[in-house]
Each structure stands twice: as C-alpha cells, then as structure tokens.
C-alpha cells in the first residue's frame, strides 16, 4: 500500500515510470493490453493501404504509400518493443493476435475500395489516431511515451500527405472529386467511432485517467477531432455525410449527429466487412514465412556452434 | 511374318485397323507416341491462350476464348481415350508428360504477349495444326482417325475465329493494327517450324508413311500452309516477316526464306521461352488437385461399399 | 476518362445487378481455366463459366436497351467503376481452393435456380425469356456443385475439413441473396421482379439437403454481410475488375 | 487510346531500359508488402523497393528530358504498353517464395552494384549523378540479399532445397545482364555507357562467393533467355502492368 501510494505520488508529480520501477500489476496489465493493441493496429493497418500499393496512380504516390506502410510496420516494431519492457514477448503478443484473442483498431476492418480511400485514411484515420496519440506522448509510462513521440511525428506527416491526396482529387476531374466525396462518405462515421464508446458507456477510462495513461475522455477527443476536421472538409469542398452536423455558436464546437453504435459493436465483435480477411491474411503470412524463420534460426545455431568450436580449438 | 504381310495388305487396301486387330508392336508404339504427344499438346496448349481469358477485350471474345480453350481440353480427352485403346492409361501418359519425358508441340513454349496473339494463334497455329491433322482423318488406325475428324472440325472453326480477330484488329485503330503485325512477326517462323524438320533430316517419316499414319512429308505440309496463309496475310494488309518470301510463277507456290532450325532445336531441347513455366504450371495443377481426386476416390469407394452392404442385407 | 455514367432507373439497376452477378461469377470460374483438379472438371467449370457469361451478355444488352443511352454490353461490363458494380458479395469472393469454389457455386445456384424459374413468369417478356434459358443452366450448376459438395464433404478427412471451412467462410454472404430495397419493391409490385423472401425456404431446404448428404453442418445464421447491391464491395472486386477491364481502359472505344 | 509513343534515340532507349529494370523490380518487391516472413524483413523489402522506385523516377525523368517530347515519369511508366517495356526478363519473374525473391535480388544486385559504380564515371553528368546514389543503394541490396541467400542455403534442408530450386529457375535469365546491342555499342563508344562485358568477372566472383558460403552449387551456363531489352517479355510482365497501370488507363491525363 505504501508502494502504491508512492507510485501514485510519482504519477501525480508527472514523473515517468520506467521498466525497472515498481508498478501495480493492474497498471502493467492495462499498459500491456493498450500497447499491444496499438502495435497490432499498426500491423493490421498495413493491409487496407497495402491493397493499393501495386495500383497507386503515380510513381510519387506509389513511393509515398510504400514508405507509409513501411512506417506503420516500424511503429508496430517500436510498440512491441515498448510492451516487451513490461515482460511480455513479441511472440506471445502476436500469438494472441493470430488466435483472435487480442484486439486491434476496428477501423482497419473496413475495405479500401478506391484510390481516394488512401487519401481518406491518411487524412481521417491518421488524423483521429493523432488526436488519440498526442496525449500519450505524456503518458506516465516512459517507454510508451517515448515511442509515441516518434510515432506521432510520423503520423502527422502521413496525415498531411493524406490531406494532400484529397486536395489533389478535389482540385482534379469531376470523377476524382466524386471519388473523394465517396471516400469521405464511407470513412467519416467509422472514424468518429475510433474514439471508442461515449463516456457514459466507457469502461477503462477511470483508472487509466488516474494513472495518466489516458488524459482525455473518448468524447473530448472525438470533439477535438470533429472541430479540427469539419473545416478541412469544407476547405476541400466536400460535404460531411451528417445532415445533423451544426456549429454551436455558444460553445464554439461542431456538434455531430447520433453515431450508430450498433455498427461499432458488430465490427468489434468480428462482423466488420474485413475482420476475417485481415486475420486470415496475417495468419497466412505467418504460416508462409515459417520456413524462413526456421532457416534463420538453424543458421544462427550452426554459426554459434561453429564459433564455439573455433574458440575451443584456440 | 504372315501376320505382318496381312497387316500391310489391309493398310494398302485403306482398311481401318481397330483396337482388337493384330498390329506390329512398332506400329502400336509409333501411334501411342504420336497420339499422346498430340493429346499433351492440346492440354499444354490451353495455357498460352488461357493467359488472356481474364483480360479478353469484349464479352463476346471472352466467351469464345473460354469455349475454345475448353474445346482443347476436350480434344485432349478424346485423344487420350484413343491412345488408351492401344493399352496405355491416361495416368501413365500424364505422368510421362509431368516427368518431362513426353513431348508436346513446341509452339506452346512461346508466350502470348498481347491480345493479338490470341488472333495469331487461332489463325496460324490452328491453321498449321489443321494442315497436319486433315490427313490424319484418314489415318490407318480407326480410333485415331475418328478422333481427328471431330478435332479437325472444331479446329477449323477456331482457325476462322482467329482470322476474324486478326481482321477486326487490322480494320481497327492504328494501335490495333500494329498489335496484329507484331503478333504475325513473332508467330510466323515458329509456325513454319511446327511441321517439323525438313524432309532431308526427318526420322519417322518412312515407316509412318508406309503404315499410312502419315500421308505427306513435313516439307509438303509446310508448303501447303505457306500457300494458304500468305494470301490471307496480304488480305489483312500485313507483311509476312520474311524478306526472301517470293511467289514462284513456275511452280505456283510461295517460297519462303531459310528457317532458323537452331531456334527449333533449342525449344525442343527445353530452352524455349516458356518450357519450364508450362510444365511447372501443369505440375502445380496436378499437385493442387490431388486432394480433390483423392476425395472423389474415397467417396466412390465408400459408396460402393454402402451399395454392397445394402445388396448383402437384401 | 474512360468510365461511363449510367442513368439507373429501377429496371436498369435491377437488371444490372443480375448481370453483374453473372459476369463476376463467370469471370471467377474462368480463372480456373488450366487449373482444375481433373480434365473432366476443367470442362465443367468452363461450361458453367460460359453459361454465366452468356447470361451476363443478355442482361447487359437488356439493361442498355432499358437505359436507352447507347451503352452496349461491353460498355456496361468494361467501363463502369467498382463502385458502380452491383453484384452480390458472395460471387466476388476469391476462388480459394476447389472446395470454396464449389460451395460458392452451390450457395448461389441453390438461389438462382428457383429465382430464374420464378422469373419465367415475369411480366417483363425479355426477362422471362432470359429466365427460361438461365433456369435450365442453373439447374445444372446446382446439380453439379451439389454432387461435388457431397463428394468432398463425405470424402477424406482433409476434403471434409476444407469444405467445412469454405462453408463457414462463405455463409455470412448468403444473407444478401434475400435483401431487398426500394428498387426491388417497385418491380415486385409491378410483377416484373420476384420477391426473394418467397425463395428462402426452397433455398434453405436445398442447401440443408446437400449439406446433410455431405455430412456437413449448416452454419447458424449469424451477422450477415451486405453492400454489394449498392456498390460497397470487398477489396477483392477491384482486383478482378483491374484484369477484366484493362484492355478496354487502354484502348477505349475500339472494336474487338 | 491511352498509350504514348516514345521516340527512342539510343540514349532514350538506354535510360528507359534501366528505368524499367528499376521500376519492375521495385514493383515486385512492393508486392511483398504485408507478406514478409518477419517484420524486420518487411522493412528491408520496402526499403529496397523504395530505392528502386526512386531510381526509376530519376531515370524516367531523364529519359523524358532526353526525348524532349513532354513525357514525364508517369507518362513513361504508366502509359507504355508491354511491348515497349525494355526491362530484363530476370526482374519481371514472379516473387515466388522468399528464396526466389532473394536469389533474384542477389543476381541483380551483384550486377547492378558494380554497374552503377562504373557508371559514376559516365561522361553523361546526369547518369553519373544517378549512379552515385544508386551504387550505394545497390551495395546494400547486395549485402542484404547475400546474407539471406547464405542463411537460407546453409539453413534447413527445406530452405536449402528451395534456394537451390530458385537458383536453377532464375539462372537462365542471367545471360541477358551482359547482352549488348547497337544501342549499347554507340553509347559505350561515347563514354556514356559501361561495357557490361567488363563486369562479368566481378559478377561471377561475387555470386560464386555467396553461393559457396551458402553451400549451393553454381549452375552451369546453359542456354540463356533473352528478349526483355527489345520488349519480348515473359507472360508475367503483362499481368504486372495491368495492375500497375490500371488507374492511369482509367482516368488518363489526370493529376494525382
């Protein structure tokens, strides 16, 4: 109890908790769950965008998209490493993902149907991710906070890139602009859902806030996102697909219509358009690569035996 | 020897030899080799054309091409069946093909690079095949002769279809006509090689002719093909890629330039552009389908045991 | 830009939906060419593919006539974007192994056979004529795929397992067969279209019978995917159209 | 028609050939995205793909300038037909398994690394500048693919077998690396291009060293395939271009 009190005091003093510091088991568990979910999201998130790399409409866009997806893989790697400082291995986490026991962001269970979806994902999905992640740069757990600083820097680059794709489409042919509008229509609501259930229904917020893992509620973050994004949509000349959307002069905030939480629950429950496909793809990748990993291990073993033999002989 | 003499008399009298009739072992062997090679050619020949089914430029062409490739498979089936009357099973023949021990027509080791190749194959490859096959409709071995009658009828339909594709391209845009000329440029010489080495170098012709398996020499058939095809090329407005090609007023035949028999030998030896690909594809198909064939056998076995059980019980 | 824009009356939309079903499934079957597990099956897959492409051609031609904007079968097939395609999600699912292809064919044919039979009484004479031909074809597809599903389900442990997996994977796409929207409603009212709800019992009975003989368990009806009818497809359709349409996109407007 | 026609001087052809090599191989590597056998290798494959796409962009831009007909990098990449593509057959071969991809990368990089090093002394300043960057990149590709080929060749019996098979399959495409024609001859004479014959010993020594450490046997030089440089490709390139070019063929001339 004294340890716990001391721990909470450090948190309250905005000190960073480091891997070797004492921490409550529930804090560790919460972080492992959150960081690994975040890592899985990066890895699964490679798929919807990866779907357009071979069909990107210009060499510049093709290179940028490949680099972006590569960054996501890099984020996955930092985040798995941050989680590993809490005593869980990457293999365990990946196994949980493949077994369908770990979650990842539901947004990646929607399909990318046109090139404009690549713009919309950068602009909206990465935009929403940044809203969620910027406060995490000040998260109480050091390795996570530091990983998030790097991740956020790259994400905001991706977000600008996505917006620029949208801008190019909106300044392009009628067909291109229509493609952009269509993408906004399909991604808008799922992006609002990315912030999670309304505060009235959210479970983890309380302890997470006390431990400064989380600093804003779902609804607060969602509101920030809407406030930032609606004017951007207007600048693009696009219509937000929400007939109830209105600017509230009193509060200075944009107010959106009701979110279809039923759809959210279905996607979380595994019934989104691509849940099965995403996990199957990831499983197949693991399976197809098994012989390569095995070969790499066998070679490393042989090599260390050889070195040992040389050392013994010397 | 009396049997052999009687056999030759029947041949000379243009009688048909049937499966249960006596025949010399060499006659049987020659026929098995020739018919199975022919069957293999039909099956491997599905690949170059199959390569364009998913990309055919109109629904009518797509359907016609799929039907054509299906016909080739059908020809393979009749021909295997004709060879089976000589006491060799389809499985043995297919195994020989997959083991790389059996030959098939070298023409199918060239790639189909553009849609015009589908026209060129119909026009030229099927055209050459018909020249080879029409005399086989009168082949001394009954089952082969009857199979060839059916095959030839369908092939000549394919040949007209191929020519019509070429005609449409040649009457189309500049780009389409160029595509047609390019296809002729690439397929012309390999098609001349389809008739086999020049008579001066051919091995099988003598006995095959005596037994009325073969009725014309390679060079005779090649000349017929050239005589039939050159005017068609001219009608299309295409240039035959042979600067030495000339019409000999004295004989009334077209005379072509020297054939690069070195290329022919390389392709026969397995070094054509697609030899490896064609066999690998066929092997993979057999491998991928193994579990299906096994399931079908297992089901048939169960079913006959069930019927037997019912019969016993009754 | 090489895409066309179609003015979709209810009839045009309704016919395009069926045309897209037939073309997409026919294209999928044509992808098997040269890859079938036995030569006899090579012939059968091509036959079924040809039937479906034939149905698609008749339906596109009729959709073009109904729109009356000069769009022929090829314009409608080759020059509409993915989001304008209106086929069922079921038919665009990748071939997978032979079990997936046969289960997909069974689930579709068990619907399409009674559907076209009912459509033979459509007040629209063109659709009734198309239906008469399509019904015979789909009866064969149903028979053929049912035979295979039984054989595979009751074959080896491996084939049973693969077929069961195919069934689980494809089941969530069967709900869409029976979806209707205002397009259907107006045409059902007019006696032009069939109410798919009236086909559900037949479909279930057919599928249940085949699965029973195949020693397979009918999946429970969980959450059902939809979206194809309004152009919200899976990621698979885009890749199919890329191949299908490449030539017409490269040299638009040419005669082939 | 959405294709462009390029007026090919020797310099334009020469540069396009290198640009096509880089783009096609870069595209092949990008196909691995999300499918690599481990996350670290996901990063490495993307890196190599990005290097090659970058080289392609610089080379296409230069080819467009040399042609001076207003064709930018995208026009040259997206709107030339298969028969106008001039890449080596080696780089268009499908990814196959990871062994095929790594052996292909080794065989290409063992050539491209010394090639670009030599090209740093080209009398053509643009090519020399491109070479300086490309050489560093290809040195990394060589190191990386060599490490993998050694690891796979000397790993498990399965990985050895797969790598040996990859080597047998790809070897006939290595002869084309050293082919020259009149296009090369004139530019070699002018001090703009490098004579590939001068790189053959280095290439063989590099490959032999790697294969030796990988416990693999260097195949005998049998018949060698060629044709890529003059646009006679394998059937694989067409499918790659179908995907690569679809968008630009669908909405030609748009800005992306």
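As written, the chain order gives the labels A, B, C and D, with residue 1 at the start of each chain.
Keep in mind that, in the parts below, a contact is a pair of C-beta atoms (placed from the backbone, for glycine too) under 8 Å apart; a residue touches a chain by one contact, two chains touch by 3 or more.
The structure displayed is predicted, hence computed values, not measured ones.
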Partner chains shared by subunit B and subunit C (touch criterion as defined above): D
Chain pair with more C-beta contacts, A-C versus A-D: A-D
Centroid distance [mean C-alpha coordinates] between subunit D and subunit B, Å: 36
Whole-Å gap between the CA centroids of subunit A and subunit B: 57
Shared interface positions of subunit D, touching two or more other chains: 1, 3, 81, 242-243, 246, 251, 254
Residues within subunit B bordering two or more other chains: 55, 173, 175
Arrangement of touching chains [line / ring / star / complete / other]: other
Interchain pairs in contact, sorted by label: A-C, A-D, B-C, B-D, C-D
Sites on subunit A touched by subunit D in the complex: 43, 46-47, 50, 53-63, 66-67, 69-70, 73-74, 76-77, 115, 165, 168, 171-173, 175-176, 281, 285, 288-296, 298-299, 302
Complex contact set, residues of subunit C against subunit D: 1-3, 81, 239, 242-243, 245-246, 249-252, 254
Subunit C residues within the subunit A interface of the complex: 1, 3, 81-83, 169, 172, 222-223, 225, 227, 232-235, 238, 242
Subunit A-touching residues of subunit D, taken from the complex the two chains share: 23, 27, 30-31, 33-43, 46-47, 49-50, 53-54, 56-57, 60, 73-74, 77-78, 97-98, 150-152, 154-156, 158-159, 162, 243-244, 246-248, 251, 254-256
For the subunit B and subunit D complex, residues of the former touching the latter: 48, 51, 55, 111-114, 173, 175, 182, 186, 266, 269, 271, 273-274, 276-277
